[in-house]
Amino acid sequence: MRVLWQVIVKEFLQIRRDVRMIPVIFVAPVVQITVFGFAVNTDVTNVPMVLVDEDRSATSRDLVSRFVDSGYFDVVGSEERADAAERWLAVGRAQMALVLPAGFGADVVSRRTAALQVIVDGSDASSANIALGYASAVTQAYGVDIQATRVRPRSGTATVRLEPRVFYNPDLRSRWYYVPAVLAMILLVMTLLLSAMGVVREKEIGTMEQLIVTPIRPWQLLVGKLAPFAIIGLIQVFLVTAVTIFGFKVPLRGSFLVLLGLSCLFLLSTLGLGLLVSTLVQNQQQAMMGAALAVMMPMILLSGLIFPIENMPRAIQLFTYLIPVRYYAEIIRGVFLRGSGLSVLWPQAAVLLGMGVAILTVASLRFRKRLD
Amino acid sequence: MPLGVPGRPEGPTAAVETHDLSKHFGAFKAVDRISLAVEEGEIFGFLGANGAGKSTTIRMLCGLLRPTSGTALVLGTDVAKDPEGVKRRIGYMSQRFSLYDDLTVAQNLRFFGGVYGLAGTAARERQAWALRMAGLEGKEGRLTGELPGGWKQRLALACAVLHEPRVVFLDEPTSGVDPISRRRFWRLIDDMSAAGVTVFVTTHYLDEAEYCHRLGLIHAGRLVALGTVSELKRVFGGATVLEVTAPRAAEALESIGAQPWALETSVFGTRIHVVVADAEEGRRRIEELLHEAGNEPVGVGRILPSLEDVFIHHVEQAEAAGREARP
Amino acid sequence: MRRLRAVMLKELRQIRRDPFSLLMLIAFPALMLVLYGFALSFDVRHVRLAVQDRDRSPRSRELVASFTHSTYFDLVATPAPGQDLARLTETRVARAILVIPEQFGRDLAAGREATVQLLLDGADSTTAATILGYARALVSAANADVVTEELARAGRRPAPRLDLSPRILYNPDLESTQFLLPGLIGLLMMITAVLSTALSVVREKERGTMEQLRVAPLRTLELILGKTFPYLGISLLATVIVLVTARVLFGVEIRGFLPDLLVVVLLYLFGALGYGLFISTIANSQTFAFQAGLLTSLLPALLLSGFVFQIRIMPPWLQAITYIVPNRYFLVVLRGIILKGERLTTYWPDVWALVVYGLVVTALASLRLVRRED
């Protein structure tokens, strides 16, 4: 035990000595969560729209004001002709063009089928989809109102009203969805890299040789090297959660202790992976390349943090069961937004525990007190 | 192959002994059947050029590399079967300075002391001793990375012996260190040996080799000579070594070397060493030869063979043998 | 020139001796592109829907049918009245629950407006918003049908319908892969370019060979060019591989002018490599270089460049920060050329921004390289 303690002390002394690491450990995560918390936002609002009103009738103006009043669209300009409006889309100054052809109003009044056109920049497919949805909703509502007033000017109509009730996130703030995800990302990046680099660095500068010639046992060396990073990781959970709750007002409906405890389980996996990478490479450059490109990027992109897993092909969905971050993402959202406790999250916890232990075991078995 | 007194010395069991110890990296034979024995309390020097296999041998003896074949016993423990047992009882200083540059002197001492299992009063006493030995008293708070080279080496040695091992392996401990510090370092080694510690040193500084009790010369992975310093110097038998200084050294080297009566020639800077059977005869012939070529020698004198001469002699012999072995 | 070539050759040899890193730099972006091109999308399909129909009238069944027969929703559960509905979403059995009250059919028959409830799991808010959109569209369509029916029954001519004919430019099938791929390219290029340059210089510093280089009669410019050229080559090679893969596997065609694409890629790489060099001048250890490089290039490239999240809706101070993220400009131009088939000239401001960025970081890097004494 004394030996273990010595290793932990040494690691902390070294970290403290490296002046640059302090900001990286404490300041960087806070900065990251702040910046990215504000950046991550997929709410589709203020869609820039360019207007082509060739009709200029009371009806067309009425419809346009419906669009504006909906709050979803910002009219950023108007053009005489549709092809001129398309340039706006090409350059990127507008995402949508609303084209009301001449005679639109007349058609509506005389009850003919009135055609209008919406041109959408399809590059950003998801927001285009949503914007189209809005446009069609506004148009439909307008259509229904016209028809309804025509039929029975004074009474209502037997139409259906859809009343949404949203659990956990009534205003559907995408920030509530993503900011906890950023917490997971920061934790993953920090602990994975620090642990991979930490071990390889000693190999590269030669102190590893001096260490393995002593009677130190592998577990003492590994736990001693990884424990400080675990502690740092937990401190970061603390800091970043504080910003999330107080800065972004994302509610923490579950228990903070549960969050902390389950984060520890997650750390088992990330630290284990970092260690595993370090046993496979010769120098720091390879450690970094390997850790970042081969491990981290796939994990972030396939974990369900940003892109929903349900949309992935079946084969890849199956693969994501092997990614620890997937379970942590579920835990994070569960604890923050749904107030879930262990009674709901125990499967994820169990998997993380199992994975962490397995990875650490494999990594330590690979670690030999020998140079060849 | 080994000249001088070969094999196991008489007396107590050897602190370190190897039998046909070998290490191959694929087809490359880094260490090729080395057999030697080092007595307790001896300072054993392992001499060789870079890449000859010194470090590889030491690493095997410390349990850091697994031997490909052959055996090695350190204090009676087989390095292949129980490397951890070996590590507990030895001290090792690696070739690259491998203490933590970003820790202070005291922190390094405390760390390695702790790792070796020292605690409490014993730990403090040993640390104090280490500081004294290394001459670093009062400098405990200095950052190791900021120490001058010689001090770092002494500190590394101190860290390696905190746990009072009976055998210490030092891999090129004084490389890159100034001559005065090197002397000081060797005095420390002498002190340790006097206290009964076996010191196994590798070096490529031939002047340092003179400080060792016995030497092993290694070349291309093989032990080409083994014995005390005087035993090794006796290898020249009745032959003499002449030192020649001439204006055009390279030319002189070539022309002398082509002569059958020049048993061996080698160059040291601008001076040429020639091994001849008879001193007077040899001198006359050299002066004649160079005079004819208009390369008037500045000096031709007899010198005592240095270890360098011995070393080169053995290396050339080994290479010649190697060439003959190849078709 | 000879000195420049010497530096380049040395760098190339060192790169070649580390096949692992080389593999990462070249093959990996392509491999990842393949993987993610198939996996990443925001399109929402097969939404797990639970339906609690307390009415069970023909009208309610009609409504339910319109939901379940649509391609958007999959019926996964029909909870009985009184069952805990929140639990369904908490255990993620269903993403959305349609609740039809008892009086639904009666209200409609009496000519009153009838309300149905849609319960949504808001924790996954992006998909929730989309689901809500689908549901609204379905209900709207149903309503329009109702009204038309009423009119027909009342003997009136059906009132005019508004025919919204959407035209979707550049990506008619609204596949998100088309959108994500340019962003992914930019991201991968940024990582490889910045990291490889930063690490290569810091490695020399750590090993001590940097001093050796400075003592040589090498001009700073030669040193910079010599060190970055090989990585420029590698990055370009990786870019080509990625573009070819995108074309072959995802049909992402470059609709624009190929040389335009090359120009903007070169400009972008120039800036990325320059930034990597700059990082290397302020870092003393590879760990720091890597962390700093990653933090300041990967994460902004992922989150602040318009790759996934739109810049337009960020708070103003954050939008200001995005002006110094080169990926922002790169993406605009890249999307423009690849997806919209535009010429480089359409995006002059962004192109110039890339040029300025490249010059500024390279200048900063050289200044620091010259000034350092240790």
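Each chain carries a letter (A, B and C) given by its place in the written order, and its residues are counted from 1.
Just so we're on the same page, a contact is a pair of C-beta atoms (placed from the backbone, for glycine too) under 8 Å apart; a residue touches a chain by one contact, two chains touch by 3 or more.
None of these values were measured; they are calculated from a predicted model.
**Q** Any chance you could check whether A-C or A-B wins on number of contacting C-beta pairs?
**A** Higher C-beta contact count between the two pairs: A-C.
**Q** From the centre of subunit A, which chain's CA centre is farthest?
**A** So the chain farthest away from subunit A turns out to be B.
**Q** Quick check: how many Å separate the C-alpha centres of subunit A and subunit B?
**A** 60
**Q** How many angstrom between the C-alpha centroids of subunit C and subunit A?
**A** Averaging C-alpha atoms per chain gives centres 11 Å apart.
**Q** In subunit A, what residues contact two or more other chains?
**A** Counting only residues that touch two or more other chains, subunit A contributes 18.
**Q** Please give the residue numbers of subunit B that touch subunit A in the complex, ascending.
**A** The touching residues are 59, 62-66, 83-84, 87-88, 90, 92, 94, 96-100, 102-103, 107, 110-112, 114-117, 119, 143, 159.
**Q** Tell me, which parts of subunit A touch subunit C in their complex?
**A** Interface residues on the subunit A side: 18, 20-21, 24, 28, 32, 35-36, 38-46, 48, 86, 89-92, 107-108, 110-130, 132-137, 139-144, 146-148, 150-151, 155-170, 172-174, 176-177, 189, 193, 197, 201, 281, 284-286, 288-290, 292-294, 297-298, 300-302, 306-308, 310-313, 316, 333-334, 337-338, 340, 344.
**Q** Given the complex with subunit A, which residues does subunit C contribute to the contact?
**A** Residues in contact with subunit A: 18, 20-21, 24-25, 28, 32, 35-36, 38-46, 63, 86, 89-91, 107-130, 132-137, 139-144, 146-148, 150-151, 154, 156-172, 174-176, 178-179, 191, 195, 199, 203, 283-288, 290-292, 294-295, 298-299, 302-304, 308-310, 312-315, 318, 321, 332, 335-336, 339-340, 342, 346-347.
**Q** Would you tell me which residues of subunit A are touching subunit B in their complex?
**A** 2-3, 5-7, 9-10, 13-14, 17-18, 205-216, 369-372
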